[in-house]
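The structure's right below; bear with me while I get my questions together.
So that you can tell them apart, the chains are marked A, B, C, D and E in the order they are listed, and the count of residues begins at 1 in each.
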């Protein structure tokens, strides 16, 4: 258990700066998830925390102590690598036991811990194999196992579940949460999976092109995105964002008029704006206080549990989550209902929330 | 009809440059013959290696080659050299004009195995200037030599100065190092039939003599490391009073740019043990015709020419190579060109040949290895002599 | 490739320079000695105390080296023989190594053993039969007479080196090439060999130097002066009794320099760690 | 047919790929080795004009009774036992040093290679000179430390030591070359994982570098062992096997018997023994290699 | 465009059989998705189709022609590897161009196609880099690019989007569908992502431990799972499966009673059964005809757009999808509503659907 502070952290590869000064604190025992588009610098950041990449600028502190110069092995961390980085010459058992052996853990303790992890990860029957004889998901599980058998101050997970099926992913998610609770460990976790981010995180850091866009609780990130980027990045599908202007307490989308809640309208400037609404807040069934928006169905994507409906309202393309049994054919016009309290406004230029 | 003869003429020591000139003359006189020279490895070891590969494979690429004076018996019994009787005549007449040692060395089982090309011998070189400066006469015995050395060394006060330099490394020269003091006691290593007649006491005494010289400081402690070239270089550098070495050394002492002893070198017969007689080791090279040659008759003719008195004189005048004919030493042109040959003649004539054996390689190996080991003091002289006897008893029957 | 920058005892610049100094001294010392010797006179060698730096540096030995013997001719012959045999060795051993490393052969052990065992007889005892073979093929005094045995000489070690390197190339990368449209050999040539570059380079250097230095076969198979190689040529400076170190040193320097240049040039081109970054796990 | 050759089955492909190697081996070594083994059953001496009586295994019996053979075998084994691990350790050290991230690597790597590029016989001569009692730089360096120059090459134990040292110097280069290439093939990510797992530099070396390098080490060891068993040039040029035959190796004995003594039958037999020795020693390694393959 | 037939395909590694006789046909231009738990043999199957693994038994036909012995190169396929398998020594451009170069495509054509793909994949500014200087997601995109620049008869994708963020993944999904439509290519696609499987597939093959469990349209897989395994594997979270017995046209879950639709009850045997209901069919708002089920809230997992609610009904643990604003605290008892027509029954032993 430890806290991790990033102060003005930068990373340059040659002349190219890929991380542009990140300030962020992970508290004792906190579970922080990094999300952001591919290539935005999540792995780089994690690797800098681990000590595997030099820090070009800024300061990294663990438990208040500057560790920029500390080698990884002295930082007491465990990490699941995005590319696994298993030891090809060791069996699965030895892959997982390695960190413990280095710490001179008693043999029976090693046995116990590795077997526990293996059982958890459903790889207990292949402990004598080498990584080459495993499937992708199995390798990933070994990589997780290697991290969790140890009990370090900080866990770093780089997309640890990306190659697992939904079922297993669900289980692993719970297990990692349980691990977090049991050990009270500090965890930094990179993922592309919205569900993982939402369910596991105490706080989510949203990164974009090497910059920190928002760092807050899942609820805040989802419901009160501080920036256009965050709004457009979270949710699957993400928030619908439509150009609009303000007139008389309502947003104008071309010919369409969407009334806004009083205090939101009051705050908003007259400059060009973006109106944001999440797909699940575009509803086909009317409730009290809803604003109405006529739209044409463009495309249906049945997902089993629900149907993603792409619609055209004025010039704007919107995606709504419809029920699994949504049956309107493309081309028909329906009325969308939206609740004013679920509307978001952003400055079109600066991207910041109104 | 053109015949091409390929001649293998070792390395620089065999003077391919001079041989070429002789070949050119021969070609001019014999338009049907073309001669190509092939030079092999520069040392007799490398030559042996090359020749044994080629001849062992019964290859006809070489028609004529040069061999060391110790080798005719060995090559003859291997069937590598063509007996020349059929081409040049019987030994009794053909070999008569040569120096006797060479005449006998080249006749094996009544067959002429090769014809002598030029002679060589171990000489005792000394610093005329130093002997003169300290008023010392040429020593006649080893004891006198030791005394003379010590006197000069003490007087000169040069810590680098050695009294005597010989070859103690396990190279062919060490065979002579073993034989010289042994012979100088009037003993023979073998009889005419090649059977070993080793007098172990005398042999041990000879070796002990060398060690005595080391103990007295006349020779250096690491004498078992010294090779022929070391002796030459050290003598050239003025660090040696007496040096035993082959004939080629003379030119190096007198001719080399970096020699510090030019004009200060003398040659004398080797000392003997008190009551014994001076003896030295002969060397030199012989012309042989390959048994696998396709033009043996032509080759034999060439060999005959190369071994002729005219050729010997040419080689002596042009290259200071020692003649194999006694009368050439006194030839006016030769004496004029190579004045020191008049001193050399006596030594060469008194020279003895190393054991003549068809297994000379083994004989030489045993003697030189053991001698060197004794000089390195890893064996006592008595042990060394025992070993030589044990190992060679079977070989030299 | 990124290299970790965390503090490691060897990453300190000072220690790194010490390390470099050790390696360089160890490797260069005798070569340096030769270089210094090549600038000395023969007499200087037998003076005591010994001199390290030549008292009167002279290039005479180099002049002698080039004029006493056709050193350039030797160089050219050696270069040709070494280059050709390196190419042949690499091709032959890469093919064999690929078969051993990648194809599921049942008698792999025996194939390997046979190849390795061929290097277990001392060359000297095989010399005469090899000579006979070459004579039989009419190859004496040609480059090929040396190229063939040199290839065989380097074949075992190169094959084994390449086997171990090929094995460490991830199969999936080769698979990707086959899907992209390569034949097996195409994949070998275009993907496996470049990725095994350090190994191929090593094998190449091994066989080049093997050929460059070989003496015994060169002495016996190519006796024609115009076909002589450098090691044999260098021995020609010595005579039965005298070993002119300064001139021979000069010739040795001339013999080593091309190899050094070759290595320096190739070295910078063989980028290390090429296998990295292609795979996920 | 052509299509079949373009996409042959594994077995056909293997045959095609191995064909050039085995053809060359057949051409260059099979006949010579056959002849060698054949000769070992004859009392074949060059002197005597080549009519060689068949003697069956007599040569083999003679070899076993030959003091020189046992002496040479002992020296050879001793040299192997000292120089193979010596060269491995030194080569590994050099390779590790040379693998450090220098900006310009070639001077270091060149240094690594030079000893190996120096022709073997000349390396022996140069080191013999270094160890020369008077003109060698070793005694020159030690001149203050010893009252009297040591005669390195004239004392059996020192001579062996000097020879071993020279061989190690010379062959560690070969080792380092192979190991360096092996080092370059180890993915950096493994070190990263080990770092994170908490491995110290030494542990990383033991747990990652060594095992990942093992294939290269085994290859290097096989050939180093085989060449160590054939040690010839360096002792030959440094001591000629002296003093006495204190530093005579098997290969020198074979050389002596064939070139100097012309005893082809006997030297062939010695070569067969040497082969058996090589086989016995490398069998262990080969097994390992085969199991890796 | 081609059809691919698998007939009794088996794969053994040494003594272990990992694929146990798969029969399956992919039609001309069809988009088939393989799903199944980690290690079930999806990659192996794909690799056998590609010709990278020998087929231990059975026959593989492409366009009616047996291709068991055909080398990969002659099968005219492209593949995205699960572990990317980029050429580390080539730049991104050359990685993608390689297949075209081998086919002697004209240089300008290569340029065009690679640039198109790069633009699509948003990697056009790093074409001169080597794979080592890329992030995980970027590498994955290169791997996709390498496959799509060629226009083969069959595409094989092995989890091509697992390392991409939701946004990009959404775009890539559309692109791959578009590619499929444009080229009419036959595609076999492995994924763990339910959304991908549902939205992209013409047919889904569900695999389990080397066996084919069901092969049908997404709708059928989701709504009419033929086997317990399929039901339990699809959906995120998957279908709730509860032991039950049958009595009087209703399913008995211990003390609780769930009425079944007439004809389902009629078909069902009296043997032990499993009752299946998808989380989205467990509702908190009552509709006409719903059956009621009292349950205790155990755990809430807010996902932003919705909340996963774990509940305990009798002995059974159920997961329901609640609205984003679901606010009942754990411990409270709620009434779940389920529609009889969304209930599934399975034989507990054989696993087959009733």
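By definition in this document, contacts are C-beta pairs under 8 Å (C-beta built on N, C-alpha and C of every residue); 3 or more make two chains touch, one makes a residue touch a chain.
Note that this is a predicted model, so its numbers are computed, not measured.
> How short can a chain-to-chain path be from subunit C to subunit E, counted in steps between touching chains?
1
> Taking each chain's centre as the average of its Cα atoms, which chain lies closest to the overall Cα centroid?
Closest to the centre of all protein C-alpha atoms: chain C.
> Please identify the chain with the largest separation between its CA centroid and the CA centroid of subunit A.
B
> With chain centres taken as the means of their Cα atoms, state the distance from subunit B to subunit E in Å.
So the centre of subunit B lies 93 Å away from the centre of subunit E.
> Can you check how far apart subunit D and subunit E are, centre to centre, with Cα atoms defining each centre and the answer in Å?
Chain centroid spacing, subunit D to subunit E, equals 58 Å.
> Would you kindly tell me how far, in whole Å, the mean C-alpha position of subunit D lies from that of subunit A?
58
> Taking each residue of subunit B in turn, which ones touch at least two of the other chains?
Only 49, 56 qualify.
> If a residue has to touch 2 or more other chains to count, which residues of subunit E qualify?
71, 82-83, 133-134, 136
> Where in subunit C do residues touch at least two different other chains?
1-2, 4, 6, 8, 45-46, 48, 128, 183-184, 243, 273, 275-276, 279-281
> Under the touch definition given earlier, write down the residues of subunit D that touch subunit C in their complex.
Residues in contact with subunit C: 6-7, 10-11, 13-14, 17-18, 20-22, 24-25, 27-29, 31-33, 35-36, 94, 97-98, 100-102, 105-123, 125-127, 129-130, 134-137, 140, 143, 169, 173-174, 177-178, 180-182, 184-185, 187-189, 191-192, 195, 201, 215-216, 218-219, 222-223, 226, 229-230, 232, 251, 254-255, 258-259, 267-268, 271, 274-275, 278-279, 282, 286-287, 289-290, 292-293.
> Would you pull the subunit E residues touching subunit C in the complex into a rising list?
47, 50-52, 71-73, 77-79, 81-89, 98-99, 102-103, 130-134, 136, 139, 146, 150
> Which positions of subunit C touch subunit E when the two form their complex?
Contact set of subunit C toward subunit E: 1-2, 170, 172-173, 175-184, 186, 190-191, 194-195, 197, 273-281.
> Can you check the complex and tell me which residues of subunit B touch subunit C?
My answer: residues 10-13, 38-44, 46, 49-50, 53-54, 56-57, 59, 61, 160, 173, 227-230, 232-234, 236-237, 239, 245-246, 248-249, 252, 258, 260.
> With touch defined as at the start, can you tell me which subunit C residues reach subunit D in the complex?
1-4, 6, 8-11, 16, 19-20, 22-28, 30-31, 33-34, 45-46, 48-50, 52, 91-93, 95-96, 98-101, 103-105, 108-109, 111-122, 124-126, 128-130, 133, 148-149, 151-152, 155-157, 159-161, 163-165, 167-168, 183-184, 196, 198-199, 201-202, 205-206, 209, 212-213, 215, 231, 234, 243, 245, 248, 252, 255-256, 259-260, 263-264, 267-268, 272-273, 275-276
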